[in-house]
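Read through the structures below before going on.
Paired with subunit B in one complex and with subunit C in the other, subunit A is shared by the two complexes that follow.
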Partner chain A sequence: MPEKFDAIVVGAGPAGITAAYCLARDGLKVVMIERGEQPGTKNTMGGVLYRQMLDEVIPGFWKEAPLERHVIDQQWWLLSEDSAVKFGHRNSEHDKEPYNAFTVLRAKFDRWYAQQAVKQGALLITETVVTRLLRDSAGRVIGVETDRPDGELLADVVIVCEGANTLVLEASGIKPKPRADAMAVAVKEVISLPREVIENRFQIQGDQGAVIELFGDPTLGMVGNAFIYTNKDSLSVGLGAMISEFQRRRVHPHQLLERFKQHPVVAPLVAGGEIKEYMAHMIPEGGYEAMPPLYGDGFLVCGDAAGMVIAVHREGSNLAITSGRLAAETVVEAAEAGDFSARKLSAYREKLEQSFVLKDLRQYRHLTPMMERSPQFLGVYPGLLNRALQEFLTVDGVPKRQKEKQILRRILKERPVTALLGDAYRMWRALG
Partner chain B sequence: MHAVVCIKQVPDATEVRIDPKTNTLVREGIPSIVNPYDLHAVEAAVQLREKYGGRVTVITMGPPQAAEALQKCIAQGADEAILLTDRGFAGADTLATSYVLAQAIRKLNAENPVDLVFTGKQAIDGDTAQVGPGIAARLGIPVLTYICAIRSFNLETREIVVERLLEEGREVVAARLPVLLTVTKELNEVRYASLPSMLRAARYQVRTWNKDDIEADPKQIGLKGSPTIVSRIFSPPQRQAGLQLAGPAPEVARELVEQLLQRGVLTA
Partner chain C sequence: MKSVTVELPNVDVQRKLFTTRFKADKTSHLSIRDVDVCRECKDKPCLWFCPAEVYKWEDERITIAFEGCLECGTCRIGCPFDNIDWRYPRGGFGVQYKFG
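Up next is the complex of A and B:
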């Protein structure tokens, strides 16, 4: 007879660890099952970790957790082939405790976070793959099957936090295979550089951090973006775009990353660095419309597995953490009532509706499809803007009035007034 | 039967790089694993226990995080795990390492007589293959190295017959228990641990012993007990690829003579 737990958590990423942490803290018998050698070894996130959501789980976590830098400087760069229009913000509020966001390296961070859950009493099983959910004759989920000998475990409830690659949900008939236009693929390198060099290049000191998101040329105008994040003594440099777009353009993300690092505004930032790691990962960017069922008889789905990513704000780990926490809350209530039916577990969805998670996901639900239908946003505008500024800033004796006319004419040639107005309207609608 | 298996936590060799500037191992951020040969040693001990009953105890000398390696061995089927950890053990060479392990085995033997001690054939980082024989010498028991098969094992006659993997073939030898075996990968296939074993390992609390627990002589442990001096570590220079000549024989012969003349091997 397989051992029975109160709850089984599939996957030890931010969502799963949070769920296990909260359940163990509240006295439930919980086990986390992770396929990687350690939590975090399979994770790729850039990444920026926002403080607020984790602070609600472990108050003051940032005093102990292995974090890289606190973010004080955020920039958005629109790139043409050889130039950039830069936009950014830096403030001293984000330089003060308790800080707003941190850069993290997930291999270190997830491992630490999982240890906190273990300290609360959760069991962690690594190097073990969950192959499918077990159901009883009435179709209720009653446990999991793993790839180990004697590999079944039973539980009142299974919390699926398997990340973007939803093989368990698919094998269990809860969700179809994702479509190529609902899934992005991202590649990332960790490039080591001396601390002082990073601090000089990004104008930061001590544990201050800077992050840059880059649009346009890095993805050849495909829907997606590139990023450069500062760690203590390395940079996380990567880019991603929709799988369907990579297929259509017949380019490989790795080629694009190599090309990106040679861009004239990027090369000086990464010069002299040594590549320490290379990783590739999927990001579910289908948004609200592509989300699977979030609960059913005996199971809940959190984080990336549930498609909880807001790509424009590079938010994912925070939605994962909040959904993990709300799932645990729901399960604790269900355990008190001794009822793990879909009806009881639907409270999870209500909690998500009341939180930023579903509010934000719903607000941005048209954005990705709109961007995919409108390649001009990342394909045309960055180049236009760069050429316009270049022309405007070139002092060559042409009178300013004439210059403005030239620029306007150039813009209107590439995007007529009606198209410009249409784009403005589309963007306004999509941002809801 | 009581088998004690000595295991070492080592950096995952597939991920180790050598810093070309300082010629030292870059260990930072590299995951640790159980020395691969030692997993075969654990497997052998567990298989004997499954057949003849008894206990398998795994021990390691190392820093606190080496407890993870021991836990992995519990998942592989060991009954008990003991971490030998003490600031005083740091900086040990093979002499001091084998002393500490031998002291621990003596203590285990007093609790429950030990029939077999296992080690790996060598550690993939230190690579000396000295620790196993060192322990046997200290305990005054026979040592059989490079074991690739256990032919028979008899607790009544207290005899074990094994095969040793040698360059020129296999050697079949018999010895009386207790005995120390150093094992090769050919000995067995390491099992994929069952889920109940994984759960047992996740719950298992590793016991720790310090230098006083094993009544260690302070002069024989750690840096003090380590006469070895490492003068330099370097990766051997890559060998140049040889020259290959192909084509019709007369041309190749002409080219060969030409090359030998150029290199001064032949003189005209």
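Up next is the complex of A and C:
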């Protein structure tokens, strides 16, 4: 007879660890199953972790968690082949406790976070792959099957936090395989540099951090972007785009990353650095429309597995944490009532509806499809903007009125007035 | 398939993968379902979108260097014919990120 738990959590990432932490804290018998050697060894992201959502789970976590830097400087750069138009925001409020966001390296962070769940009483099983959900004759989920011999575990409820690769949900008939236009692939390098070099190049000091998102040329206009984040003594430098975009181009993601690092505005930032690690991961960017069912008889779905990513705001781990917390809250209520039916567990969706998670996902529901239909946003505008500023800022004796006319003519040549108006309307609609 | 007109640098992905820690299993967690389908596949996008260049076209068939697989899952989603049988490596095997 397999061992029976109150709850099984599939996957030790931000969603799963949060769920396990909250359930164990509230006295439930919970097991978290992770396929890696340790929590974190399979996990990666660009690297920005927002404070608020984790603070609601472990108040003041930043005082002890292995974080890299707190973000005080955020920039967005639009790149042409050889130039950049830069926007940015630096804020001294973000330099004070409790802080707004941190850069993190997930192998270190997830390991620490999982340890906190274990301290609360959660059981952690590593090096074990969950292959599918087990159901009873009525179709209710009653446990999981793993790749271990006699590897079945039973529970009142299973919280699926398996991440972007939704193999368990698919094998269990809960969702179909995602489409290539709903998934992005990103590659990243951790590049080591001396602390003081990083602090000089990014104008930060102490534990202050800077992050840059870059659009346009880095992805050759494909829907996606590049990023540069500062860690303590390394940079996280990466780039991603929709898989459907890569299907159409004869280009390797790592080739684009190499090209990006050679871009004249990027090269000085990474110069002299040594690659410490190369990695890749998928991001579910299909948004609200691509989300699977979030609950059913005996199961709940959180985080990336549920498609909870808001690509335009670089948010994902924070949605994962909040969804894990709300799933645990729902399971605690279900345990009190002794009822794990879909009807009872539907409270999870209601909680998500009342939180920023589904509100934000719904607001941006049209953005990814719109961007995929409108290659001009990342393919044409960054270049146009760069050329316009170059022309305007080059002092060469040409009268300003004449320059303005030239700039306008060039813009209208590439995007006629009707197209410009259409684009403005599309973007306004998609941003809700 | 659109060809890219910009110049792209040559990249030796093996040098990148050399920085990543792997604990390779003896057998592959990836396999091709039907080799004839790959032969018919004109674009073979897997040769391009895989961030570890796991897939190569050699002697009229796809070879799989599963030892360097980063387990991102892109090939499973991106194969236009759903012709890749994709599983995770056995528990504890595969990529082992130090930083992540």
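Here is the rule we use: the second predicted complex is superposed on the first by the 432 of 432 C-alpha atoms of A that agree within 3 Å, B and C clash if a C-alpha of one lies under 4 Å from a C-alpha of the other, contacts with A are read in each partner's own complex, and residues count from 1 in each chain.
Throughout what follows, a residue touches a chain if its C-beta (ideal position, glycine included) is under 8 Å from a C-beta of that chain, and two chains touch if they have at least 3 such contacts.
Because the structure is a prediction, the values reported are computed rather than measured.
Superposition model on subunit A: subunit B and subunit C are shown accommodated side by side without a clash.
Within the superposed three-chain model, A:Glu64 lies out of touch with both subunit B and subunit C [touch as defined at top]. In the superposition on chain A, A:Glu404 makes contact with neither subunit B nor subunit C. Look at A:Lys276: by the touch rule set out above, it reaches both subunit B and subunit C. After overlaying the two complexes on the shared chain, residue contacts for A:Thr128 are found with subunit B and with subunit C alike. Residue contacts after overlaying the shared chain place A:Glu353 against neither subunit B nor subunit C. When the two structures are aligned on the shared chain, A:Arg249 is found in touch with subunit C, with no touch to subunit B. In the superposed three-chain arrangement, the CA centre of subunit A forms the vertex of an angle with the CA centres of subunit B and subunit C, and that angle is 60 degrees when rounded to a multiple of 10.
By the touch criterion defined above, A:Asp82 reaches neither subunit B nor subunit C.
Contact with both subunit B and subunit C is seen for A:Arg148 once the two complexes are overlaid on the shared chain.
Touched residues of subunit A were counted for both subunit B and subunit C, and C has more of them. Once the two complexes are overlaid on the shared chain, A:Asn43 sits against subunit C while remaining clear of subunit B. Between subunit B and subunit C, the smallest C-alpha to C-alpha distance in the superposed model amounts to 5 Å.
Within subunit A, the residues touching subunit B in one complex and subunit C in the other are 37, 41, 107, 128, 146, 148, 276. On the subunit B side of its complex with subunit A, the touching residues are 29, 31, 192-196, 198-199, 202-203.
Considering their complex, residues 2-3, 31, 37-38, 41, 107, 123-125, 128, 146, 148-153, 276 of subunit A touch subunit B.
If you check the complex, the residues on subunit C that touch subunit A are 1-4, 6, 8-9, 11, 13, 16-17, 19-20, 23, 43, 45, 48-53, 70-74, 76-78, 80, 82, 86-88, 90-92, 94-100.
Residues 35-37, 40-45, 81, 105-110, 126-129, 146-148, 164-165, 167, 177-180, 183, 185, 187, 189-190, 220, 234, 243-244, 246-256, 258-259, 262, 275-282 of subunit A are the ones touching subunit C in the complex.
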